[in-house]
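So, here's a batch of structures to check.
Presented sequentially are two complexes of subunit A, the first with subunit B as partner and the second with subunit C.
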Partner chain A sequence: MANRAVPQRPNGQTPGKICQFKLVLLGESSVGKSSLVLRFVKGQFHEYQESTIGAAFLTQTIHLNDVAVKFEIWDTAGQERYHSLAPMYYRGAQAAIVVYDITNQDTFERAKNWVKELQRQATPGIVIALAGNKLDLNTMRSVQTDESQTYAYENGLLFMETSAKTSANVTEIFKAIAEKLPKNETTSTAGQGRRLVESEGANKSLSSCCK
Partner chain B sequence: MSTSTFSKSDEYGFERPDDFDYVEYEKFMSVYLTVLTKCSMRWSRLLVTNPQLKRNAQLKKIVRKGIPLTLRAQAWTSISGVQKLKDKYGPNLYKRMLNKPINEDIRNIITVDVPRTYPDNIYFHPNSENQKTLFRILCAFAACNPDVGYCQGLNYIAGLLLLVTKNEETCFWLLRVLVENKLPDYYSKTMDGVIVDIEVFSRLVKKKFPEVSQHMNNLEMPWALIATKWFICLFSEVLPIETTLRVWDCLFYEGSKVIFQSWFDVGEIL
Partner chain C sequence: MKAASPFSVNKMENRYVDNDEDNYSDASSSLAPNGSVVSTVPDRHGFLGGAQYLNESKHMISANKTIERERKWLNMTANWDKQMIRNFKKVQNRCRKGIPQSIRPRAWLYLTKANKLLDQKKNFYYKLCDQPGDRKWIEDIRKDLHRQFPYHEMFVDNDGTGQKELFNVLKAYTILNPVIGYCQAQAPIAAFLLMHMPAEQAFWCFVAICDDYLSDYYSPGMETLIRDGNILFALLKEREPKIYKLLKKQSIDPIMYMTEWFLCAFTRTLPWPTLLRFWDIFLFDGIKTFFKMGLIMIKISLPEKSYSDLKKRFPTMCETLEALRNPPLHMLEEERIIKKVFFPPLHLIMFY
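Up next is the complex of A and B:
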């Protein structure tokens, strides 16, 4: 388990807090993972978003009261066979968005499998959000909101239906995650860079990374 | 290869970015054109002495210096051993494979991936002939290699092969020779080849560029995050197109070790 430690600020003072979290996106191919990220990070949408090979990395910061929450976003490939690479990507993630397509029941079943895997193998305490994407295709819906809502509630997940195309609930879901993440460790100055150390499993709790 | 008119897209149909530096490009091309001319002359002489492009030390050397675009389809076919595959499976294999049914899930994912293959390339616009051709090539490949079927990333390789060779069947055979003869099992259902090669790569970086390796460790970035695409897409969409094709020239002759060599060459330059 990799936990993050950051150098102590020399004079011990707390600047405007910046918390940094690793967030991974998982879900079946073409449910809109990359599109959600593109909308959140750049405010754009491409009808034909190139398929992600391996993974892509982007960052975006949002502000919650006096705290700047910086997301390191790891966007992953969705095809089943890339599954064997996934643990490398979600290792050490403090948050995950598991995405499915509301017009495709199979992608919802796949999302449930991702949730199970994360709960079993990812960082204990990881904040998981379930995103039912393509809300703009509501008329072609095959996964009912109630069904997902109940599943999310039973499994302790955040849940929203989103549309990367219209931007509905995109910022909101990241914000909901940011609110749920612990932001109580204040240790370092922004701009100093952070030092990351491998712990020997001594501290298994979720560590936030605040500077 | 034209340099006199600067259009919004390059000669392969890829759109140039808004901030493309045409002045710098012209400066580069004025030098590079000489290189390309020398390359063409070298190949003209070669085709007299070795018209079948039989593999030998001299050919390997010349391939490393680059293959002219107009000869790439022919040269890649010869140096990679496509003929041997054709002899083994028969010349009508492609047509037979086009008619062979494939798994519906695979067909669906190819259907979704084709429109998002090089969407910014003018030759891959929605409902273009190239999109239909690419769909057929990927389905035929899946039909004749059920162990691989379809792996995301093959669309980029087949797409670029199509842009270069402009021939559907040649593209199919070159895709087969790459996946089945030149590369380890990158595209199989467990992608073992990629996982192994990324591990090999990370150990080589640690040995050759320890400071780079340390930097990645400090950032807590596994090499898999960025290197997967290099192996799966063979640098397409990673390096500039000309550079990618020069790598592919060597790849068709020498196989997957070229991926490692190319990265370390880029690493040395940086």
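Up next is the complex of A and C:
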């Protein structure tokens, strides 16, 4: 992979800098978490996406100016039954996308609960984005954009309505997260989640996410 | 690339049945979104496409041998209880050799003792089907009906018989065992059983698996799964210390890769012919087969010559997890794996 063994310069300014972030997707079952990830990572959409058991793990890198942002994505299972496993996935995450289905009010309420849980228990400073998915089903909408927008504003969340099916706003939401994530800080607040890309004999005292 | 949904595949098949040759020649196969071929003719296990689809079976047992095995199995099932007491080892060996496809439904029914449940509670399944069930479970189940083996001919149709039977089996279970209710990982198991036997038999097999073989796996809290993840990790330490060291160093918890394997009894993981053979053995030997298969999965995903070699090939959690979550399927082919997996004994007595 291209991110390996990029030499660290004393001022931290390397050409083609790579930052690595852990991102978790949370939300009610069947709102389209896996579909969003599949669209973002592979550019595909499956009408009949198998339900996720436990969690799936994928990576994707996007480029912002001269910075490559690599996301380690944990796509979690939505059923309440797996709730006890969720902290394992959001622990140490620097970003989260909480997903709901715009045609289902219950899923929006559940999304709010996830936001509350993240704000209480996840890494302080975690960047949270709220995604109202299934925008292609706009005519069957039951959650109004204004309502979600206001909620997102009040809670300091990024917010977009997305469609994994048409790909509307999918790359955009990941990009917005990447822009908001700190890429030059020198102290790590994320603990284990902000993992350095190890390279043989590299400076072990590095605490930035970037190499 | 053409985004073919399983539904459109089915429509293509109908055209084939209608003998519309023009359409058939166009539609004999197309590409599924995952790049695999979607065929109009199911393979010998009923798949039209997806990861499970097999062009041809590489391993064929001769007709004579199959007939001989069928005869032996029919004799055994005619006298099952006696056989299990007197010829326990022989039955075990026959499971390991593979149960003939035609006998499998019957053999699985006997191995799980579902045949006894079926006799004791005649028609009870249909009574459960007639009850309305808890709304919460019904909603959860409905969301998942079209998401189980969507490329299998039985489940390809929304509201087709396969999906209706799947709904009934899962709903009936929530009424029978309201404490467990419905866990999403149960759906692939129920669907897998329905591919092999009529709904009532599949239901009692499913009950035996959920309540006996995998008891507490689907309970809220998932403590049993977490415990078994830790047992798998302890076994790895003993069997594959270098891989253990790598996983430990990269803070990769067993839950991150073994959840789907164990909760779905490998139905979503193994190539189909291997899966059937695996189940033949699992239903006889029980849960310890999961640990054996789990160890094999880890070993083939992270092949090693030395620890430094391992570290070089899997330098971070990303590479390691990607490898663990995409095991090389050719390494899991039936003949390659079955003997290797099941003959060295694994002593789980210290854990259970």
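Simple rule for what comes next: the second predicted complex is superposed on the first by the 173 of 211 C-alpha atoms of A that agree within 3 Å, B and C clash if a C-alpha of one lies under 4 Å from a C-alpha of the other, contacts with A are read in each partner's own complex, and residues count from 1 in each chain.
What we mean here is this: a residue touches a chain if its C-beta (ideal position, glycine included) is under 8 Å from a C-beta of that chain, and two chains touch if they have at least 3 such contacts.
Computed from a prediction, not measured in an experiment: that's the story for all the values here.
Undergrad: Do subunit B and subunit C fit side by side on subunit A in the superposed arrangement, or is it a clash?
TA: Here subunit B and subunit C cannot both sit on subunit A without a clash.
Undergrad: Between subunit B (first) and subunit C (second), which does A:154 come into contact with in this model arrangement: first, second, both, or neither?
TA: neither
Undergrad: Quick one: is A:146 in contact with subunit B, with subunit C, with both, or with neither? Answer first, second, both or neither.
TA: neither
Undergrad: Between subunit B and subunit C, whom does A:30 touch in the aligned arrangement: first, second, both, or neither?
TA: It touches subunit B and subunit C both.
Undergrad: In the overlay, answer first, second, both or neither for which of subunit B and subunit C A:59 touches.
TA: second
Undergrad: Check the residue A:45 against both partner chains and state whether it touches subunit B (first), subunit C (second), both, or neither.
TA: The answer is second: A:45 touches subunit C but not subunit B.
Undergrad: Touch check for A:84: first (subunit B), second (subunit C), both, or neither?
TA: After superposition on chain A, A:84 lies in contact with both partners, subunit B and subunit C.
Undergrad: Would you mind listing the overlap between the subunit B footprint and the subunit C footprint on subunit A?
TA: In the superposed arrangement, which is not itself an observed complex, subunit A uses residues 4, 29-30, 46, 48-51, 53-55, 57, 77, 79, 81-82, 84-85, 88, 195 for both subunit B and subunit C.
Undergrad: Using the touch definition up top, name the residues of subunit C that touch subunit A in the complex.
TA: Contact set of subunit C toward subunit A: 3, 5-7, 33-34, 140, 143-144, 146-148, 150, 183-185, 187-188, 218, 220-222, 251, 253, 255-256, 259-260, 263-264, 268, 315-319, 321-322, 325.
Undergrad: Looking at the complex, which residues from subunit B come into contact with subunit A?
TA: For subunit B paired with subunit A, touching residues are 109, 112-113, 115-119, 126, 151-153, 155-156, 188-192, 194-195, 217-222, 224-229, 232-233, 237.
Undergrad: Which subunit A residues qualify as touching subunit B in the complex?
TA: 2, 4, 29-30, 46, 48-51, 53-55, 57, 74, 77-79, 81-82, 84-85, 88-89, 91-92, 195-196
Undergrad: Sort out for me which residues of subunit A touch subunit C in the complex.
TA: Going by the criterion above, the answer is residues 1, 4, 29-30, 44-51, 53-57, 59, 72, 77, 79-85, 88, 192, 195, 197-198.
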